[in-house]
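Chain nomenclature is as follows: A, B, C, D, E and F, assigned in order of appearance, with residue numbering initiated at 1 for each chain independently.
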């Protein structure tokens, strides 16, 4: 079982800095590093978009409006989300403003965006460029919109957060409650149908396939949704219900229904889910971060081999 | 097994009133009561929206256009659905007119709407106000649109009913055939991916989670979809296929695949689904209306405990 | 196991014509026949739409703009898709042009469209007319858009193909990678949540229900998605992962998780999936094309009968 | 000079009915007659639109959405104006509702509309059908929108009236202050650039060409705009400034600048305007209603003949 | 007075070719020449747009969508007009199709477009590039739309022509009746408020300023609008009424009201208009084509010099 | 004749500050004063809008989106203009960004806006509130958009400035060349049809009625448009052509055609225009700023009295 602390990654956490000068210096270095990383990635994205615009005039207008006319990654994403999520009663200019102000006011959001872009690029073999992810991946876009609605939620702007959440659910068919706390380096692959409940917590470097549910347990309030540790891999259509802990580095097979804790680096499969290796002595795999290796099938295949 | 009569809740049913004076009097009283209830709820919704508009100026325009500028719940929903479901070839004014005329012509639709709003507010701990449900819950909105398309279907306006159905499926990813008969006090929680077939019937006070399928049995016409009794709870991703009866008060676990009748107040789980307690002597739970208690997980947890 | 050749149905395949004159003559005859079939179907669709427009004035504008004002099936579909898939950054005129040019340049697309329309009309008892399918079936529309994005992909216009793919995933919640090769006479019933990966191949006359995943195996590139033989039937919510072969005429039950080859005309059900009749001696059914008979449930029912 | 009473044609005038029974009877007869006239005209418009839709499939969608799908002239105009005048911040559904409610609540508006349609059809040789006027004549549409904004103005709903006024000025380039009182049977031919000020009054059966100004006199409040008598004809680009009276049946030549009263049936031309026949003894023409005969040029031609 | 033949420039005129071979050869040569001219101009426009897109990223999306993504001038204009003139009831795809088909079917339209672009570029000192005229000049765009509506009119597609005319009048505040016959090399400078009636005829190489009216004479049908000879210059706000002839090379001063023929190369000014030099012996200027020299003011200045 | 310097009010003028400390101090005081004035006006506008929103629920959504949800006058105007001027190829988010950045980067624009609002409120008796002017006055909005396009022009961003200019001309029918230099405290009353050329210059506190042309003189480049001194009043439909000077405090009557300089505080009327009092000894009125008193008619009336 992962220590509870593993789940306390949310950006709203404030640590008491006893030695401000050192801590500040460290933060400044980190901040400069992440600025440099974001700048480098943005340069790369613009280069990709520029190349595509030259090769494909029919797409050039789209690439200029979404990427090439903007001066920063934050502006590009704010524009793109504003135009994707707007409706006749929630105008694009209002959403653009909201996204841009939120991204600008909290650099940690931008850093998470950068980590998410890298996650998609590295883990998904169908992802051939960063710009493709930025423009086309609804899982990526849904998470960025979630980070903004989560920020609003923590600022007690709940009705606005919920209105945004509703637009994301309509437009992307991805339903993440604004209160859910989500780490960085997340890949929501394909993403359609993902449902993540109010008190769910997701660590860093997690990969979640489409149709996955991190659901609750009835109508009582309180902490009632799953906690997903760092580096987990949750297969397509898996349903995890209740305040259960999926330990760091665990795998949950496609279509599994999980209602009980899964130990770190263990594997749960089936409906109802069983631990590979058995309940008493589950097999612990070597992979520290299956969310990054994205091996969806070998474990299930092996386990179910004797069945078919 | 529930009596067949349990499923005959559809609004098109017409009973022969042999004593009109008494029946009419009773109906008048009921009608006045439901008018008062609807009026009270509408007052509450406006108060919530007014409060939110004051707190959050960025959302005030949205709240005025969708709720605060309207004189009745029917007008508000008609406006909201008209603007959500319109497209470049089906204009919002046309849809608004259609919704408003249908809601106005049949008060039973409005009463069902009121019951659905109460269902979401009471059963879903994430639902913090009626206005939030009215504006943001795509399951709620999809059902209201369905009630209108169902009304059109019963009036033999099939192409229009199907066009509306198609828009709901595009916009909300909720696919309810216009002919399906659905009771009141329904909660479609999260709602993405719900599919309900042509001859399906759903009783009152039922809760259905996302990705649930009430599907058919092949290409033969005729009565080929499930019948869900009053008060049932159908877990996320459950697939119920064919003209099977899910008895009143029964529970179906998340991810279950059900092809055979489930007795009243019994519980079916797993793929393929099994009855908790066994086929011969299934355990009958005490809850009369699990669709209201929304206990999704305790029964599954218990049942699968020995597995993980 | 089906011969590998069964999957080589893609339109980009080029056979060496040793006797051009004969082959050309045959092709000319086929082409004329398919032109006649398409023309006949288009006449039928217009007649249906004309009838509906007369009966339902509220829908007449919609029917004229989408069907009755157009001179051919290709123009009608291009218009309808252009208006459904457009966004504020990808204008309808651009998409209309793209669809129309692609359909016009390759008649095999039109022929596949005709076969798909017939498939929906014959197999889905809820499909009451061709025009209903053309206008309302998001599975049908998503496949037609896919054929165009696949064509672009084979022409190395990948960014444009992926942008189109992204719009289809947003609008229809159907996610088919542009590189996937798909036969004709396909029914994607209900369609919400279908995910089909980059190297997947689907034969002719296949029926696939909603929430079906033809997914990959981790982050390695290469051939990593399922191959579905001619005439298969894949039930709702089935998850098929990896480069496995589902033999011609096989059935996969609703909610099944399949990671290993399924022999032709065999049936796999459950999570993890098992072959009906057992691994060693699977039962081989008589139906050559269950994708056409659409019998979703009898086999599961039978198999799970002893369970509930 | 016309009696002041000639200008008191505004619908808000309330006469004291001393003999209600007789007056009511008369009004009922008139009302029935105007209903019949409106119904007849509406039948004619639908017949025209039906004919055009059959002849021109490219326009059929437009004709069905604007005319053929509606059950009354009021609904058709409300739909058409709602869709023409809407903006991203004033939605079509809101405007449609506003127009429909206003037209329905005051039958005199509908009667004025009927008279305006007849005026265009009879007086403008380029007007080949009633439906053409209803759909295409921005002068006609601007006046109908004005009647609604005037109604709102008289109900002290000034900000809404002014917002509507602003939309009409943007969309049609016709600027009629909501307080201006305008009779019926009005033709605003071509209409671009017409400006009519707050205290202007226009009688019945008046024709006004494009670029005409009925303007004020400086920044003092009060009655400061022209009064145009019944049956007047005001030529293109004429500028009439101040609280001057243009007598019934008078003509004002194109491009004239008029700052002083014009006697009934007299003719004023030129910049500065002169009376034909001279100031002392102006020629009085025989035409009682030049607004209907629309003779724009003979009088100017004659008068200026000696000049060129 | 110009010979009547001067006004017979309309494209629908068909001359009897007695010697087809020679005439055809000549036409082929001319056609090739005009194709080459159009191709050269299109190359130039793309170069301008490409330069601007590089310099101004904020405008690049606009320039790619309107110009740089298109393969021909006809496609670019059809796209631009389709998107400018569309409304919620006349979709951009329909208009795009209509424009493209009309431009493609009749090369004389394209040639006139080329001449109009050159006219704006040469005559208007504020016109700094061809692309600026193509994108921004509403006079230019209104005339191109008119050419298409005129073509429709000559094909007896009157309701469609009038619907297009109405959109041009709404969007550009330029009102040219579809039946009006207009030559090539036309500059409508500023263009707001121009009104050109049904039987008006305009020669080649004419320049017309804003607010100009070529109006009719009352409600009688028949030939009742002005005929403007080749090379004329009509100043801002001039009003020309009735079936009068403005001779080739004539000038009409700003604000003039003209109701009588103006001889070739003469100058008319004032309200009512007078001929410079006097009625009996009007001054005949040397300029053959004042429509090209665009000298708006020298002649008026001179004439009115003695007045102020 | 006003000194040339009177026209050098353009914001791009840079004076050499020899004593920076004093000048800077003065500027800081002025800046603080103008900030306070703008803040006070903004408070007033919000109070007006709040009152109207309470009184008129149908308009509340509009008032919140355009005014009440914004934190500053600049944001409100940027939002309003972005949504009014956007098109399918120039998105509202792009325009909003452009307006907001420009207004924020140059406080003099904001100060001019404040002066223009005051001008409309004081001079136009039909203007009943500041918010009405901000929302509804197309002359006011056109000038604000012009200030932004003029700023872009001075930064050599000509294609963007011209694209904006084109949108203003389409949407408001107000055509002001981006290079024209315009002072502050300007009222464009009614505004439809106003045309202001490239080298025109307009002083402070000028009032210009609709249909006014400040036009050029042919096709030669260079300084060719009118210069309007401080405090002038230009009546409806006046046409002023060429590089003429209208002296400070002069009046030009409605419909006048002016081609020669008008002395300060003189009055010109008629077509062709004459000076009231005669050419040799024009009457010089007492009003220093007729642009503020807005007396449009008394002078014309007096002058033309003897005519009619």
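Assume contacts are C-beta pairs under 8 Å (C-beta built on N, C-alpha and C of every residue); 3 or more make two chains touch, one makes a residue touch a chain.
Predicted model only: the values in this text are computed from it and were never measured.
The set of chains touching chain A and also touching chain E is given as B, C, D, F. Note on connectivity: the fewest chain-to-chain touch steps from chain B to chain E number 1.
Looking at which positions face the partner, chain B and chain D present mostly the same ones, since more than half of the interface numbers are shared. Centroid distances from chain C, each centroid being the mean of CA atoms, peak for F. Separating the centre of chain A from that of chain B, both taken as means of CA atoms, is a distance of 31 Å. Chain A and chain D, compared by their mean Cα positions, are separated by 60 Å. We define each chain's centre as the mean of its Cα atoms; on that basis chain A and chain F are separated by 51 Å. Listed for chain C are residues 58, 61-62, 65, 69, 83, 88-89, 91-92, 94, 173, 192-193, 211, 237, 255, 271, each touching two or more other chains.
Taken as a graph of touching chains, this assembly is complete, with every chain in contact with every other.
Across the complex, chain F meets chain A through its residues 61, 65, 69, 79, 82-83, 89, 91-94, 96-97. On the chain B side of its complex with chain A, the touching residues are 52, 55-56, 58-59, 61-63, 65-66, 80, 83-84, 86, 92, 122-126, 128, 132, 135-138, 171-173, 190, 192-193, 209-211, 236-237, 253-256, 269-271, 293-298, 300-301, 303-305, 307-308. Within the complex, the chain C residues that touch chain A are 87-90, 94, 98, 157-160, 162-163, 165-166, 169-170, 173, 175, 177, 192-193, 195, 197-198, 211, 213, 215-222, 224, 237, 239, 241-242, 255, 257-260, 262, 268, 271-275, 279. The touching residues of chain E, counted against chain B in their complex, run 88-89, 91. Within the complex, the chain D residues that touch chain C are 53, 57-58, 60-62, 64-65, 68-69.
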